[in-house]
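Several structures are given next for inspection.
Two complexes, one shared chain (subunit A), two partners (subunit B, subunit C).
Take a look at the complex of A and B:
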């Protein structure tokens, strides 16, 4: 009896330690996995944006497949609505007098007329690859009805469609007084990536990862 | 056996040991791991941020943008200090340097501090992270040379025709350059070549005041800008590759002389981008050239020998039919004028095989026989031999490096070369195989003249040769192309075809991209635009 009692003490020690060590280990694992996912998401956004800014056409399946291979471990798929990741590519421009003129929305004096998005950032291109239900863009979402099959948005929609307005922070439009900001007519390339986070309650809530890069 | 009995004094020591080990060793160790990972993530985010900043500002290097300002804006937009997702990183310090010249460079370096969660217990409250990226861009002068031969009307297998794809990607290519800063021009060719942009009348003169040559208004939004002109292009006819390259060379020289006169210097990078879906099947020549007329004395041609200064030149485009190795052809056609109602816009929409490049066209074919026959075309029996030069004076043989390097891809006749072992012979004037060899050699010799800027000595007032790089794109889905010839034209570094070197290290080395489908074609233009602008880091 005495020997049995002594052996049980070790089990009790082990049980007590397990109560501490196992949660610690699970917490570390879930934290590490989420960090790894975040790191991959940053890399995916960076690679996607890099190629997008160097004029790679991501409306073509072949190029989407290249991106899907890069985001494979995050579950990026070329099939809309499938997978566990999404890449959102946008071109945004600032609607100034030149943009209004390009759309023919100026009066006889060259002032904006009917150019309702004047003074706003708007989308000129939107391409979504992967599962769009994972996350929507931080910049906003132009109506699908105005986005053409090659991802572009007509200049008329850019300057008049209120739903095409984008939320851009950090980049300023051209200021002719200080000669700073984004020159008229130029666009900003924005790549966003998001993936489903690691889900293991109570250690990890499965919050989606996200990264955004302006090029 | 594995569970060793504890000695009485050691019982409970595991619990004590672990109680000490967990806070003293395990938690700090895990903390160190987490802190290191956080630093690694922030480092990756900062790298992405400076990448975006450098490339974003790099794209705008040739615009009115204040590079330092716009690079800082991109950096701050990418690395939002104090906002979620950046692990509390603070003290973002950018250092931006810009160099100007032919190749403009922007270098963005940034440092930030990352607050540490666990290591602060040991007195280390933060860790620095840093990242650097460099982007370069060059002011460019580009002549886009587009093949609009009949085979371009073939389906791409994905719902549109190859010419429709090409128009889309060529327009996209054009839009990647900066209006007002870069200079772009367009040449379209089928059985002969015409200048598509600019649309001004085309003299071959290279004087600083000569109209034409790539300009900075290629994307002005006007109905005759380059984007609109590309949009008008339709396909039909043969493939006068050599004629197109020769005209592209003239165009680049015009712009060079114009800029030289205006600025006293010309530092742009010069490029010719040649797209083709086939192989040469037309040679444009000056048949009654004063010193080298090949019009036979027994022909019915009115002007068998032209004056030293062209007065009644007979410019003939000789067409070969089918695919190599050629066995038939259509004789020669005199070039038509581009003037009057046949404007550059009209020629983009109407692929006339024997379009003249400008005012320097043949005498009218009527009244008969002002040319050689009233129908507008003539049999090769009017000739005494295959001429030694093309319309612009480039040799048609017997150099041989063009056709001996021939390496056909997807040839419908199952041939791997246009050369069957029978050497070039100028006296075989009615033999279309021989005309094929002449066409290959012409292309090779024009390309070599371009890469060496062979006309430099003839440009009065010029002080240094123009380095010109040729980029080639071969689409293989329309009955094949010739990668040996296209690699030779581009002067691919280290290239060797048929055990013959096709690279000369003293000349500009370009890029050859072989595209077998729509996606590859789109990417080819992207890669070349990036290469020309040196938009990289």
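Take a look at the complex of A and C:
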């Protein structure tokens, strides 16, 4: 009687083991795929950022198609609002006296006057390629009304529009005492990329990948 | 006697149980290995094209002359050397393409493919290196159903990288592109 009752034990053990091993395997797969997507996102941001810093005009469809080829497996599309990835390109600059002077926002003595963004980092260019609903920029988003068709923002808006202020950390403006920091008038090129992550609940929630590079 | 008969009958059970357990686990392991292999191949090719672009945009005429090659040849060499043997030989090299794109305001897209022009690799143009539709063979044939033919088709992977060619007074010969 005892031997007869033990004959199905292996099946129960197999079933119990399967309950652990199958989710474990699916978890490994989803984790691996997400890591792979993250690596591709980093490369997309890196390639986009370097070309952007070399003055490639990404408002042109042909240049956007180059990025779409690089981000093809992430689902980057040149059609605004579609696809499963986005590339956000920004130029940020520090508003110092020379920027205020450039916009004519100085008094007779050359001191800032009406230059409300004085002492802040602001956007001077913003270009978005792909599906902007995937993610917004970590630096902030300038109003679309002040961004021209070629992605630039007028100097007047840069120095006076409060909504054009960027959230930048880790970069210091020029310090003439220590001779360090970003020289006056220069811009920082920032490229951000994000893509929809691998979605397979409950093993992978589809958290978006993200990468940010500075040039 | 009845107990002995039962003992004799249970001797093959372990083999049967092992077979039943082995089949699904082997199938799962095969899926895992196949997927990993494809991802590894894709990552390797991605690394190869990226390395080639980084090097290609800075190659000078002096370097190309010393190597006895053109720019396009040197870029393809780099892709092959960085691809861990995946693109060896003439057949592997055939998957590699090097395109040169010039900014062109007269074009509807703002960009023109100048790969076939002698000055296609002028500084400022974009170099785009790609491996197109490389077939990653299945490690094991896939059996989805007893009523369907065995699937041995390879997974097609592609890799792209691009960058702007650096300014130079010593531009190498473009060679035969793409």
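Basically, the second predicted complex is superposed on the first by the 204 of 215 C-alpha atoms of A that agree within 3 Å, B and C clash if a C-alpha of one lies under 4 Å from a C-alpha of the other, contacts with A are read in each partner's own complex, and residues count from 1 in each chain.
Assume a residue touches a chain if its C-beta (ideal position, glycine included) is under 8 Å from a C-beta of that chain, and two chains touch if they have at least 3 such contacts.
Predicted, not measured: the structure shown is a model, and the values here were computed from it.
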{"item": "Fit or clash - subunit C, subunit B, common subunit A", "value": "clash"}
{"item": "Subunit B versus subunit C as contact partner of A:15, first or second or both or neither", "value": "neither"}
{"item": "Subunit B versus subunit C as contact partner of A:108, first or second or both or neither", "value": "neither"}
{"item": "Which superposed partner A:33 touches (first subunit B, second subunit C, both, neither)", "value": "second"}
{"item": "Touched partner set for A:43, first subunit B, second subunit C, both or neither", "value": "both"}
{"item": "Subunit B versus subunit C as contact partner of A:62, first or second or both or neither", "value": "both"}
{"item": "Touched partner set for A:54, first subunit B, second subunit C, both or neither", "value": "both"}
{"item": "Residues of subunit A touched, compared between subunit B and subunit C (which is higher)", "value": "B"}
{"item": "Residues on subunit A lying within both footprints (that of subunit B and that of subunit C)", "value": "7, 10, 14, 21, 28, 32, 39, 43, 50, 54, 56-57, 60-63"}
{"item": "List of subunit B residues in touch with subunit A within their complex", "value": "3, 6, 11-12, 14-15, 18, 22, 26, 30, 33-34, 37-38, 40-41, 44-45, 47-49, 51-52, 55-56, 59-60, 63-66, 69-70, 73-74, 76-78, 80, 85, 168-169, 172, 176, 179, 221, 517-520, 522-523, 525-526, 529-530, 535-536"}
{"item": "Contact footprint of subunit A on subunit C as seen in their complex", "value": "3, 6-7, 10, 13-14, 17, 20-21, 24-25, 28, 32, 35-36, 39, 42-43, 46, 50, 101, 103-104, 107-112, 126, 128, 130, 158, 160-164"}
{"item": "Residues of subunit A defined as touching subunit B within the complex", "value": "6-7, 9-10, 13-14, 16-17, 20-21, 24, 28, 31-32, 35, 38-39, 42-43, 45-46, 49-50, 53-57, 60-63, 102, 150, 168-172, 174, 179-183, 185-186, 188-189, 210-215"}
{"item": "Of subunit A, residues touching subunit C in the complex", "value": "3-4, 7, 10-11, 14, 18, 21-22, 25, 28-29, 32-33, 36, 39-40, 43, 47, 50-51, 54, 56-57, 60-63, 65-67, 69-70, 72-73"}
